[in-house]
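Listed below are the structures to be examined.
What follows is a pair of complexes built around chain A, which joins chain B in one and chain C in the other.
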Partner chain A sequence: MDKRKSYILTLAFLLAFSTVALSVLRETKLDAYISVFTIDYFIASAVFRPRRRTIDFVGIALFIAFTYIVALKVMEILIK
Partner chain B sequence: MKLIDFAEDISFWFGLTLGLFGAILAFFAYFIALSIPLTALGLACAILGLSIALTPSSPIPKLAVKAMLEGSCLNLEALLEEFNVEGKAVYMPPRDDRVFAFIPLSSNPTQVEFEEINKAPLRVLTSAGGKLGLIIFPPGSEIVRLAGIIEGLAIEEALNLTLIEFLEGADSVKAVAKEDKIIIEVLNPKVSSELPKVKHSLGSLIVSVAGCTLAKSLGKPIAFIEEVIEEGKVKAEFKVG
Partner chain C sequence: MKNLKSIFLISLIIFTALIHLAFSLKFPRHVNPEEIPEESLLPEGLFAFYLNVIDLSTLKRYDEALEELRKTHLFYMPENLKFIASRFNDFLADATNKLNLIEYHIERAEEFINIAKLEAAKTEVNEASSLLSETEKTILNLESSASQLAYDLKVKPKPLLDKVVELKALIKTYAKKIDDLSKLIEELTPSPEKSLVKPKLTIQASTLKVWVGERLIINGFLKAFDKGLAKKVIHVYFEGVKIGEALTDENGAYSIEVQIPYIYKPFATIFSVFKPSKEEVYSPCFSNTLTLKLLYYEPKLFISSFPSALPGMNLTIYGNLSLLDKPIEDWKVELYAFNESLFTFTNKSGSFKFEVPIPSTISIGAWPAVINIPPKGKIAPTLKFLTINVEKIQVKINVEASTIAFSGSKITFKCLISLEGIENLTANKHYEAWLQHETIENLMVNAKVGEWKSIMQKINGNPFNIEVYVPLTALTGDYIYEVSIKPSKSWISSASTKGSIFILSPLTLTMPILTVFAAILTVKKPKPKERRAESPKEIVKKVFHKPTEGLAALYWNAVHMIFNWIGVEMKDSYTIREYLHAVSGKLMKGFIFFRQLSLAYEKLLYARWIPLKELEKAKSAYVKLQSLYEKHKEEKE
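And then the complex of A and B:
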């Protein structure tokens, strides 16, 4: 199987597994899902290192979202 | 890559459709259905779809690359045939940023000194230490240059960069250095050439690219000794000069 197919299948599996697992655990915060998706995405990208047509704007968007979520959590802790 | 190339790739449209579907699902699930798991499912679809759209199925048609590589080997085969070359190639570290190979005309009379080869003028038919041979630029020399291999890179890392990541010419590659010898094992090579003279003197295409990579990463002459083709793998032996 070529690298691209392996990457897409792995990413699909990781995202589906994370969604089902968090839903089963009755997670109701969207930021938890986004954080796990970000980790899934970067794990799959780091392992398979797929080629990209343009800059990886999905990765950039996820990274920004992840940073924002973490910053909010840190602020919450600091304010308490 | 131009927009027209995107459009010709069916996986781009599939990915874009999945991404759009995921975005719409996430929007409705979040604002209308008020369901977080469904919103997450939509986001997951969007991420997967956009990833598929962003990943080209084949940046350059694989058959075209294979045809070009084999075509360049045909010219080499004709050249080696013309001069009735019997010797094995010595892959030399770059001169003018390109790895080149010296192939002595006769097979093994006396060992040509590597330093003499380095001093030899860059001509097709040249003499190194009084020994006649051909100087050629194998297809691997350009691959190594474009893959961005630098001197000092670990051999296995350099081989992985050129053969697996840049060329996508095999499933995996292993390298073992023993004294002045390097043995490489390439699993499931995807490019091959059935040209007897090229195979004898330079090794098969994947081995020749490996030879160029070693010469560049080590910065030393690399003599091709032999290769053994087995079921699904190629083993090759090189001597470091």
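And then the complex of A and C:
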């Protein structure tokens, strides 16, 4: 199996597993889901290094969302 | 495709089985302790408690107030209120304690004045004065703390601030009393400037048992060196207050008829004082102190037991006033409760009745009240402290809801409301009449699941349903639901009930399946390049139409032919020899021809030249291979 296929399948299984795991743990916050999906995406990308034709727009979007969520949490702690 | 379907179905079954198993388990989640809502009787209970304590203080029942304040350490206090509540508590305890001490020092000062110990009295007055200035500061702090406490308890600060104003008024009365005592002590203190003759002053009374308001003859002597001092002014003091003055005769004797003030206490002191003018050689002097037994009537006040009060309703309090077992008629009776002052008069049988309006906004709890019988002539005042328990009719709400629901749907709560403890109230005559028809109507019902709310005005009907729409965006998880009711009547309490409901989100259920399925489909689908390579017709057409294009065209035509023949694909990553190796076991007789063609093509690609003989051989090998393929196709057909 080539690298691209392995990457797609691994990412799909990671996302599916994360969703099921978070649901089973009764996680109701969307930010938790987005954070875990971001981590899944970057892990799969780092391991398989798929060839890209353009800039990784998905990765950038997920990273911005993740930074925003973390910033909110940090602010929450600091303001308290 | 057939395989794909079966894989998908098997995966779906396994996934469903596993997810069902997983959701049935409840993994303990970490809960942030700061996010757990704290439950307590606050804020109403705490607010009512402090109002009651201040009431006790303004009634000068300091010991009881301090005793109540000591109970606060037993209270459960939420973390966010601990600081402000303990601050308010400390200020209130401090103020109450100081007021108690002021009262004590003033009493002591009066006692010392009565026995002519002016220095000791002065010390007591000074002590009371310094405590008073400290108390004023404490009250100011208490006032700001009261506003903060009310803000934190999310209640209106006005009732608490009103009580603080009452405390301020109490301080003013103490200040006046201290001022009066200071003036009196100053008046009575002899000037230490010159050495003076100290005369001797005596006092006697016609009787030591006297009715209040009646006249009493006081007499005595003022002597110096056993000789009576004539034409000297003698001041007579009753309980530290001047009630008259008399002039001594040539023998130094004085006599005066005074009216006993209407002071209703068992014993009172009386003494006389000689205050010489500055020119005289005598020093001021006190007489001996006479203790009089004061006679007066003490009426008997009886208050019938009364039920708990309901906010917004009237509470009827019955009582009776008698003197020596005979009713007192047309006598004024005052009642002080809930910052209101009421009065009424006794009837022929000495009975009286108060209709006390209970404020609708009042907190539940024990509220102090006072019934006061003002004095009149020889009849002493009577005071009775009451405690009015303010309660609300408790409402209970039972909610039935399914334990599991899907997001994107409406959740229905079946609610049943019942009144609790109404039997106790209906058993009482006061409320029997109207509680018989008491119904639970016009309630504001509020249902909340997670962050989604639903509000409805319930007009009638019990049980009833209320629905809350949970949008599709709600993720899978346990959600807390709360159904609360707020009655329009102030005497009925609010009630709420909480529970947990598991909401399954179709998104989180389908998302894993769809993701994996989409991934499998993507993987199975060939790349665009591969798709192009898979369209052999076009290539074949080119080759067949242009067979003279060279060995390269023959080779690739042969590759395509072999792919159709034995199904071995020439991948982009394969070299000519790798592909030759891949087909070696499967091509059988045709392999030798394909080998000749492949090696010739390889040589054409990489060598500087190729023998014509070899080129011809390769071409004939292609023809032979082609004939073998045609033969194979015919057999297959």
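Everything that follows uses one rule, which is that the second predicted complex is superposed on the first by the 80 of 80 C-alpha atoms of A that agree within 3 Å, B and C clash if a C-alpha of one lies under 4 Å from a C-alpha of the other, contacts with A are read in each partner's own complex, and residues count from 1 in each chain.
Convention: a contact is a pair of C-beta atoms (placed from the backbone, for glycine too) under 8 Å apart; a residue touches a chain by one contact, two chains touch by 3 or more.
This one's a predicted model, so the numbers in the text were calculated from it and none came from an experiment.
Participant: Is A:Thr54 in contact with chain B, with chain C, with both, or with neither (first, second, both, neither)?
Facilitator: Touch partner of A:Thr54: chain B, not chain C.
Participant: Who does A:Thr19 touch here: chain B (first), chain C (second), both, or neither?
Facilitator: both
Participant: In the overlay, work out which of chain B or chain C sits against more residues of chain A.
Facilitator: Counting contacted residues of chain A, the larger count belongs to B.
Participant: If we overlay the two complexes on their shared chain A, which of chain B and chain C does A:Ile8 touch? Say first, second, both or neither.
Facilitator: A:Ile8 contacts both chain B and chain C.
Participant: After superposition on the shared chain, which partner residues are touched by A:Glu27: those of chain B (first), chain C (second), both, or neither?
Facilitator: Once the two structures are laid over each other on A, A:Glu27 reaches both partners.
Participant: Identify the residues of chain A that lie in both the chain B contact region and the chain C contact region.
Facilitator: The answer is residues 8, 11-12, 15-16, 19, 22-23, 27-30, 33 of chain A.
Participant: Going by the contact rule at the top, pick out the chain A residues touching chain C in the complex.
Facilitator: The contact residues of chain A facing chain C are 1, 5, 8-9, 11-13, 15-17, 19-20, 22-30, 33.
Participant: Which positions of chain C touch chain A when the two form their complex?
Facilitator: Result: residues 18-19, 22-23, 25-27, 29, 450, 473-479, 502, 505, 508-509, 511-513, 515-516, 518-520, 522-523 of chain C touch chain A.
Participant: Which part of chain B faces chain A closely enough to touch in the complex?
Facilitator: My answer: residues 1, 6, 12, 30, 36-37, 39-41, 43-44, 47-48, 50-57, 59, 165, 168.
Participant: Could you list, by residue number, the parts of chain A that touch chain B in their complex?
Facilitator: 2-4, 7-8, 11-12, 15-16, 18-19, 22-23, 27-30, 33-34, 37, 41, 49-54, 56-58, 62
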